[in-house]
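There are structures below to look over.
Next come two complexes built around subunit A: one with subunit B, the other with subunit C.
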Partner chain A sequence: MAEYVGQPVLRYDGIGHVTARTRYVDDIQLPGMLYIKVLTSPVHKGIIRHLDTSAAERMPGVAGVITAKDVPGKNAYGLIPDQPVFTPEHIRYKGERIAAVAAVDEDTAMEALEKIKLDIEEQEPVFDPFKAMEPGAPLVRPEGNVWEFNSGKTRKIRFGDVEKGFAEADVIVEGTYTTATNDHAPMEPQVSVAYIDETDRLAIYTVSQDLYFHLGMLTAIFNLPMNKIRYIGGTVGGGFGSKNDIHCDHVAGLMALKIRKPVKYRLTRREETAYTTKRGPWTFYFKDGVKKDGRIIARYVKTVHDTGGYAGMGPYVVDKNSILVAGPYAIPNVWVDGICVFTNKPPASSMRGFGIINGTAADQLQTARVAEAIGKDPWEVHFINAWREGDLGATQFKVEAAGLIEAMKRAAELAGIELPAHLKAMSSRGR
Partner chain B sequence: MKYVLSFNLNGLPVDTLVKATDTLLDVLREKLNVVSPKRGCDNGDCGACTVLVNGEPVRACLTIGLTVAGKNVQTVEGLQQDGKLHPLQRAFHEHYAAQCGFCTPGMLIAAKALLDKNPKPTREQIVEGISGNLCRCGTYVEVVEAIQAVAAGKYKE
Partner chain C sequence: MKKRGIGIAVGTHPAGLKGGGDPSQAQIRLKPDGTFDLLNGAVDIGQGCKTILRQLAADELDVPLENITHQNIDTDTGPMCTGTFASRVTFMDGNAVLAAAADLKKKIREWAAEYFECSPADVEVANNKVFVKGVPEKSLSMAEVGAMVNWGGKFLVGTGAYTPGPGQQFDPDTGKMTAIASLAFGCCVAEVEVDTETGVVDVLKLVQVFEVGKAMNRLLCKGQNNGGAMMGIGFGLTENVCPYYPTMDFAVQDLTDYVITTAADMPPVMVEDIVEVPHPNGPRGAKGYSEMTASLAGPAILNAIHNAIGVWVTDYPATPERILKALEAAHA
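On to the complex of A and B.
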């Protein structure tokens, strides 16, 4: 061990990367491989009234066409399995998959897509989560536009008594903050290669970040036991959470099962940016009760997360955000309401921190505003309120191995900021 | 309609049948199975497909394949000489200049193009030299350090 501890260790895959021997999924070419393109919805919301793929099927160079009818198992996937691989009827966002064509090359597959007859009854979409929550708003989902947690239409965090805290406060500080949609944009676009292997298993080369999550979902879609799917992963050209969701493996797998030939399905950068999962946009409303000495004694937070047309990991993202959005502070009275709303946009899902960093961005802006309101330096407010060993978080977990004060001291040092002596004297070990 | 395209690839002659619309990236990756140039954006934005054509760095995805007829094309597959890693390859490996590795071939080619012309670049010139190559993992600092180490002669044979 001693020769490793404290020593840099070269990456096991480093030589592969610098020699370009690392095989990413799009680098794989199989003999006789066909290429898939997918017909996606040109409208944001609507109902498919008629779908006729026969002319595409007859086109020279086309090996197969699949739609919702070709899903042998469950036509649904996701952490909360609510999104169809191919929508059979309802369209909930522009770019939703309707049919796929496999052909000798992508140009031919795209020509075939144009031969598919598609009649959609377009409906009025809703894009703004606040409008989606209004009575009479267009329904993105038949069950309503607000996600039902096990605690109802909000994810609730309740700690102490915020109203009592506001009554005892010297100053009330309010603020509303928003964060925008982000795309992960890994350098390697989403791609999948599928074929029937020599033991008659369905083999899939995947870019998945979550092989076993996705394998479970794929068994349900394909209606195959796990031992009939050979799921080959491990090399990911960047994911940042985008590859926590399936984008290509289900389509490629269904096509390979139907036509029994090797297929590749890859998204263009444009398709990936426009249609795949995102970090969803947020709105945060904060109301803080503050004492003039810098203590935040009550914090109310209401959040609205736009998860698009399907849940993706949206509700889980709201869970994680709700737990942490009040910040790493010993605030005795906390009330958080987290709301997850459906709109006619591509589904929001995981991206680097599952909503935590969005909450942190809002919390940091609010805490700076608190400092301004009482005429103190933001460092002071952060230090005074920071969790100490043994403090209780808003979900009543006990803080152990606290290190925020020490981390902030180090951050100040690295930023070249000289902290006043009374802050330097503080420690996470006590107050 | 297809055409015979003949050029020199990493020192060896190749012939292949291409369409007029095939890019150099299509020719290398799909026809010749030379996969070090990556298809990151297919739009000239990311630099992951950078190759050398007669010593000049170009975006293979923006270069029509037929335009390289008779020319010399170099990719990362040709960087190793006599079975030994190129100094840039050793430096990138030892400086952890590759994380997911997808941008690495393009970075290596951009770095080679820079050092071939300017063996002792300043830090600013190195940054300029790789400014057309995106790395979403954010390894730019390590990439610059690796190129600086090669320029300083730390990876001579």
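On to the complex of A and C.
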């Protein structure tokens, strides 16, 4: 009986990776391949009043220039498809794409970008999500700066009765926590190679983390059925969520469709860091009602997520955060209000955990302060509140295969911490 | 003065798309020499799905691991996978691969039943062989089966798909949302030394334990655990694209200013381990957990800072500037 599961089998492609035999997208060189550079917005917010690419098009060495006018399908993509490949008019963050040039090399493409005449009417941006929520704030989006969930301007989680919980509590503990904007910094930056193949199909070498998910978005942009796009990938030099969004494939694909020549579009580290999607910043306010024995009997959480200029995955990230932000605890009364705000920054998106890491970061400081407030060891608070088998989460899911207590016991043991006997006797299998 | 402290953090992490409804598919083909091709649409972003999906297929087919290739090269050949995100591939694609292997075994049994003139229920696929239970002379090697099937004008392909269930929307009034494929758990203990004059934090020791249902491959888990710790330390202490948030002033543009944890910054003592509480729906009991490996080091470190210096730093990352300001405010 084969039993490979559980064995420390070596990586299937590990030797290839460490001996440089693995071929990544930027290793691909096609005959006659041209290089793309993209003109991005120099301002945080504004309106394009005039765009003239004719001088760039005439420049020797330039094979083609594309703008919003060259998108045959929907000029919009994303999980919530609201971000244009090239903005036709409104600029919502510094670094937003306006036009792309394909030329014999990257230097020539850069030179051609300088020949594009761009007249932008600059507008006052808003960066602070709390200011963006105030009446009269500059509008990042015509429909308003706060995302509308199916529950209104906040994602509402209502479980039990928090007011009753606060009334029954011995101690109230409040806290505000913030997390920063983070970059994925994968070893392999964003890159794409596109060409028209021998069957007259558009072929794209991609660094996508999600071949089918992005294929669906690309069919809408190119106005092509799935079988007219050969989307080649599967091996990626680090993603961490950065390749959960399209950054280059739409631009490279549109250029290849227009000029019918192989093209490569790769971001420099600077372009990657400054202009691509980020883990967006958060502010968390917590209010807990706690019994003297350490039981958290009510938890109110209000979160504000700064999603930048486009929705993309922002509302999804707020949703996912809201499900688990109250932590892995059996708290009978939970109230969560999750708010997703537009500002004039590069769009926030997925990065390792879709907002859960941010919720954990806040909830774990808050829970440590709960322990401090009632004079208990933090282990005690974690153990007595930890989910047991069959407990309900704040969104009414049932906890299956609960294992927090087992993980804590092992961690304490490895850290050389002698837990009190009554905690060691606990199990996730019952309370 | 240098002060030491210990902090802990715990957490949980779900597998798969929020709201569910994120399927994956797999296909396994029997080749003429009795080896197999596993086709699947999951992307290997470094986590090692190509490795563990082969392990699952080899176990289910009961054949040597080296007899299985994994191919995910493009959307022409790779069946659908919603994507490599949300710690979902082990759970969703793992189940799809097990289903495809079971389907192929069934087809091999049906073919062999005809050949051996018996019922498919009497045919066993085990130990890289196909045989009739209790009849030693009625046995073929997988290589013989591969040759006879393919040169005999047949093509045996196992297909499998898995979805954790239909997609769900939040109830607008209560937020009810029960689509959680699996929940993994974790606990981190951090020991730090804080220099109260410079605000610099040294992480001396980091213990991370994750409850993963079933570890597919302990070596890959170790990679996840240590790699996640690196990102968690950066989240806790250094990583900030907008240091003057909410403004964009001095927003970082490259890795000179965006300080990520490197191998040289890792704590001198790193301990990691896994605990297993099998999930009823997970492939061989596995849960998805990988994203959580980055979630716990940050809060454990900030709690350890408090334990060391007695003041709370409540904004991530806990830079020296923030630590000194918190100390100043406490002593003002």
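General observations
The definition used in the following text is that the second predicted complex is superposed on the first by the 426 of 431 C-alpha atoms of A that agree within 3 Å, B and C clash if a C-alpha of one lies under 4 Å from a C-alpha of the other, contacts with A are read in each partner's own complex, and residues count from 1 in each chain.
FYI, contacts are C-beta pairs under 8 Å (C-beta built on N, C-alpha and C of every residue); 3 or more make two chains touch, one makes a residue touch a chain.
This one's a predicted model, so the numbers in the text were calculated from it and none came from an experiment.
Once the two complexes are laid over each other on the shared chain, residue contacts for A:D26 go to subunit B alone; subunit C is not touched. In the superposition on chain A, contact is made by A:I229 with subunit C only, not with subunit B.
After overlaying the two complexes on the shared chain, residue contacts for A:K398 are found with subunit C alone; subunit B is out of touch.
Of the two partner chains placed by the overlay, only subunit C lies in contact with A:S322; subunit B stays clear of it.
By the document's definition of touching, of the two partners only subunit C reaches A:L414; subunit B does not.
Using the contact criterion defined above for the overlaid structures, shared-chain residue A:G238 touches subunit B and also reaches subunit C. Once the two complexes are overlaid on the shared chain, A:L10 sits against subunit B and subunit C alike. Of the two partner chains, subunit B is the only one touched by A:P189; subunit C is not. After overlaying the two complexes on the shared chain, residue contacts for A:G160 are found with neither subunit B nor subunit C. A simple residue count on subunit A separates subunit B from subunit C, and the partner touching more is C. Looking at subunit A, you'll find residues 8, 10-11, 13-14, 185, 236-238, 240, 269-270 touch subunit B in one structure and subunit C in the other.
Subunit A makes touch with subunit B in their complex at residues 8, 10-11, 13-20, 22-24, 26-27, 29, 185-189, 236-238, 240, 266, 268-270. Taken in their complex, subunit A has these residues touching subunit C: 1-14, 44, 94, 127-131, 149-152, 155-159, 175-183, 185, 208-215, 226, 229-241, 243-244, 269-270, 273-274, 278, 281, 306, 316, 319-320, 322-324, 327-328, 336, 343, 345, 350, 352-354, 356-357, 360-361, 364-365, 368-369, 378-379, 382, 386-387, 393-404, 406-408, 410-412, 414-415, 417, 428. The touching residues of subunit B, counted against subunit A in their complex, run 29-30, 33, 35-36, 38-43, 45-46, 48, 75-77, 79-80, 85, 88-90, 92-94, 96, 98-105, 108, 134-137. Interface residues of subunit C, counted against subunit A in their complex, comprise 6-14, 18-19, 41-46, 48, 50-52, 54-56, 58-59, 61-65, 70, 72-76, 78, 80-86, 126-127, 169-170, 172-180, 182-189, 191, 205, 207-211, 213-220, 228, 231, 234-235, 239-242, 245-248, 251-255, 258, 260, 271, 273, 275-282, 284, 287, 291-292, 294-296, 298-300, 302-303, 306, 312, 314-317.
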